[in-house]
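Contents: one structure, followed by commentary.
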Amino acid sequence: MTADRTDPEAAIAEAAARCSNWGRWGDGDVLGTLNFLDEAKRREGAALVRQGVSFSLAQRFDTNGPQKGWRRRTNPVHTMTDTGADAALGLQGFPHGFGGADDVIAMPLQCSTQWDGLGHIFDHGNAWNGRPAERVVTAEGDQVTGIEHMAAHVAGRGVLLDVGRVIGRDGELPDGFAITEEHLTAAMEAHGVRVGRGDIVLVRTGQLARVRRDGWGDYAGGPAPGLSFTTAGWLHRTEIAAIATDTWGFEVRPNEFDDAFQPLHQVVIPNMGLLIGEMWDLEALAAHCADDGAYEFLLTAAPLPITGAVGSPVNPIAIK
Amino acid sequence: MTADRTDPEAAIAEAAARCSNWGRWGDGDVLGTLNFLDEAKRREGAALVRQGVSFSLAQRFDTNGPQKGWRRRTNPVHTMTDTGADAALGLQGFPHGFGGADDVIAMPLQCSTQWDGLGHIFDHGNAWNGRPAERVVTAEGDQVTGIEHMAAHVAGRGVLLDVGRVIGRDGELPDGFAITEEHLTAAMEAHGVRVGRGDIVLVRTGQLARVRRDGWGDYAGGPAPGLSFTTAGWLHRTEIAAIATDTWGFEVRPNEFDDAFQPLHQVVIPNMGLLIGEMWDLEALAAHCADDGAYEFLLTAAPLPITGAVGSPVNPIAIK
Amino acid sequence: MTADRTDPEAAIAEAAARCSNWGRWGDGDVLGTLNFLDEAKRREGAALVRQGVSFSLAQRFDTNGPQKGWRRRTNPVHTMTDTGADAALGLQGFPHGFGGADDVIAMPLQCSTQWDGLGHIFDHGNAWNGRPAERVVTAEGDQVTGIEHMAAHVAGRGVLLDVGRVIGRDGELPDGFAITEEHLTAAMEAHGVRVGRGDIVLVRTGQLARVRRDGWGDYAGGPAPGLSFTTAGWLHRTEIAAIATDTWGFEVRPNEFDDAFQPLHQVVIPNMGLLIGEMWDLEALAAHCADDGAYEFLLTAAPLPITGAVGSPVNPIAIK
Amino acid sequence: MTADRTDPEAAIAEAAARCSNWGRWGDGDVLGTLNFLDEAKRREGAALVRQGVSFSLAQRFDTNGPQKGWRRRTNPVHTMTDTGADAALGLQGFPHGFGGADDVIAMPLQCSTQWDGLGHIFDHGNAWNGRPAERVVTAEGDQVTGIEHMAAHVAGRGVLLDVGRVIGRDGELPDGFAITEEHLTAAMEAHGVRVGRGDIVLVRTGQLARVRRDGWGDYAGGPAPGLSFTTAGWLHRTEIAAIATDTWGFEVRPNEFDDAFQPLHQVVIPNMGLLIGEMWDLEALAAHCADDGAYEFLLTAAPLPITGAVGSPVNPIAIK
């Protein structure tokens, strides 16, 4: 990276100016780069279904997850309000042998496999499309760009770029490895795929495979391979609709400045309007792609339409 | 219905015996009728995408939902752990103008648009496939048939049966209306579609349109149109993979016995292994189908893989 | 009330100026009128214990409470993470016959018997002691006057003023009844007690008895008897440490202005620093006091020290 | 200890038989040893208030607590539903300059300073007073001995036994140190106090001071000083009403058998009906007692009356 490591603010401002999509889809826009994902793209995605095999790209949601409390992010807490034991013991008060189990969950929307909503990150008090952050995300939630607006949209052509397998050793990139445009290009060439307008790009680093083997460690927030700050231009120029990784934070950690926190987020969410997915489980899909050499597929990844949410857990489904 | 209204237990036992799928997919089965949904069916579903238009079939998840506390079912409570106001005021402590918003949700898994997992209902202490309920769903959750096992599977051919439009007045069936096999057949004929092995069937009653207009009232648990108890045979014989409605409880309410509670659930979940969806929003999809006359589509409706859950909120996506 | 019913803002400004305690206990104060409750007052309270009989002044915390969702206030949701059924069935995996039950609660801190913290209400963006509201209560909680600071303090002399019994019919004031200084004085005279510096005053209206009999109705936020806006001077002059009522909102509802919301709160919390308790259950205590004529007692009402909270559920204990 | 380290089950059975209080207070009892705490004892407690100084014995409830997820026990998660920032920015929609902050908590009832309810522990499927565990604690909570029954009772004479200061080095007992009857007696002699019927005994080990200094480590569930299994007889014979410690689990950890889990709990809760407090913060109180030599005081420690709960967070108040 040629940027000055000591001045993230200047680098962010430069990239934000260069990659801004403010106003591109009108003043009232609530979709950002999802606007690139159109009906033609969905037909193209559907046409990629050849075998009919489907993959879930979600991690399991439970207390054995990576969260350790930072920003009050815990792992999901799932509790039962009725159980089979009570039913078996006839303690539920229902007629004719009926029994039931019910359950409840409490979880941060950023705790596991997720989409970052457009209200998740701000740049100097500005939210997506140049709106003032305090008007967009109040204590009652995102009043403008809540994730519910994306409910029907995230279905189209998915492309896996398995940078871990193409560039890494034993299929894994080391923590701190910054994925540049060159690496993305190398992966596309190795896979024989192109990425363009309206695509949903999945970047596999292999870190999830590593922490599955070695323990979570600092998966949530610690060192990780990820997108280089320098890929902002590629992310903008390709006009992709969304991108997701198998890491906690999408971009490389530690960040590529001396004192910084997720500078690429600050460029691509509020300025570019890019939809970012994190903590996706790409392992089974990637193994299948490596096997048959087909790295494109139909992808649906519909967020739960939680009104005013700045993110959503998601179970993305890839169908080849 | 020819069954004795005073003896639901006998009617349930008879239907359960007739429609049981216990052992059909082996002792270890955790999928039930989802086993019918195979790769060929997914290819068939994908081939139905002609325009590329997509529909979310989920209601919004927020405090304005229908729940009133029965069985400790509340509406979702969504709270912010960081907001745009704090970011705008520079109170978050991040460098270089970075700001962020985070959020949390607490909700019963049965509060809104959802799948019922196989561990959700028991018949005389028996869970799906003949397992003892107390061994399946403990206080720690469903140890055997947790919804996480379905994570990759629910993608295939969807068929809408708009019984409300075909049989009802102004597109709506009245509360208490029992949808029989004849009504389902009439809808298929009116729409020019067939339903068979591995399909995901969506039955629209029009009740959701009504409560949207008139207020929730007793949508959660009160009188409603829905499947007649007598459709158990049809549900079994057609070998569908799953079925969902726009009502709280899938079957007609009040139930068709003098003193009963959800007798069709008791037959189809623990005995047949049928995946049931409830509180789906079929309005936009149904309007589009009425318009273009095409009632079949690709449907993906992936539950969140909450480990051990007996149900899951879901945002189903239909693509035509 | 002589105030202009059409101009609450002027009336509030006037009362706030007259009753302000800003700066009275220094710039760093986090206790407000709790400063009046000193060691001598605690000795005085302890000396009031004659019989040794104790009363809980808390309502029960469960889903059968009064909340209906306003400001996302729900009733408490209590769920079990382990149960006796699992223990009895030997499913918990503990050695030597050990079994256990555990539980979880999710609740708004303002849902039932509670203290309002000093960060709960603001006057034109000002929090207690003249601090800017946005600096005091961020998305991470009350950074200055969190309820945890009061943890050790709320123990002293309690005085019950049973205005419902003294003034009302059958022991109850009607909804909309504004309790004035004259009514408070009449109650003190009827009971033979005085109220002064450092006391914790409990005002019984009888509304809780009524809703217990007739159903919650609009207990949470609807019409209610309560303190008149005109009592601000009395609340200030008496130098009481705290005051609590058996109603949802302490002051009379509807409020005594044409278009207003809790104007007395706006005076007494941010300007006076008064600790307010709401939804207390004074029934058993009041019956005992009516019986033996003794209306003063030792009162401990320690909030849970939830870091940064703007309120706390509480189980106050009165000992006579 | 003379018990066979390899046979906890026999030792527990023997101690349970010897120390059982089943039937002592009738078949319907829901209070256990709290029955020992009578009005005379409350008068005795009140008479101990000499200075009027009060101490909170609760730890703070926040995400910086000791829980790490075992049995789905997390630290409390406190979130704001309204903040000062929104109020300051005028975004709340209230009239006349009114602003407000509200908040919500989600927490296991066993996460921090707490009382164990009588339904918290079972012995071979038996709950307190010989009731079958599955009838007492269902998925809906404790149907018989819920903590709400104790709401008015826990106020009386408290006695601190600072075993850490009397026996330990620098005021702290090492992890794994088993406090025996001899140590308790030594502490009473050193402090010049007696313990008897109806008292609430607080045992300080000093472990909390240590983890405050060194970090939580395995405070929740790991090695700790605590009551020896051999103290069951003393706990029974003294007829104390309740006992609490500054440790996670009241009894010594590791337990004094080769393969065991909290064997003393199994004796004293279901068999003796003893009320146990855990994770209390005795530091400030202990320092004051060491200073003035007075180790007895009025103690109120009212659980929140959460209906059907098997435990409760609590902010105990000691007044000297």
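Note that the chains are named A, B, C and D in the order they appear, and that numbering of residues resets to 1 at the start of each chain.
Following the convention adopted for this analysis, a contact is a pair of C-beta atoms (placed from the backbone, for glycine too) under 8 Å apart; a residue touches a chain by one contact, two chains touch by 3 or more.
Since we're looking at a predicted model, the values are computed, not measured.
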Any chance you could check whether A-C or B-C wins on number of contacting C-beta pairs?
B-C
So the centre of each chain is just the mean of its C-alpha atoms; given that, what is the distance between chain B and chain C in Å?
44
Can you pull out the residues of chain A that are in contact with at least two other chains?
64, 72, 77-83, 85-86, 88-89, 91, 104, 106, 134-135, 138-140
Among line, ring, star, complete and other, which one matches the pattern of chain touches?
complete
So in the complex, the part of chain B that touches chain D is made up of which residues?
77, 79-81, 83, 85-86, 88-89, 91, 104, 106, 139
Show me the residue ranges of chain B that touch chain A in the complex, using the header's touch definition.
8-9, 12, 38-43, 45-47, 49-56, 58-62, 64, 71-73, 76, 78, 80-85, 87-90, 94-110, 119-125, 127, 132-142, 148, 151-155, 259-263, 265-266, 298, 300, 302-311, 313-317, 319
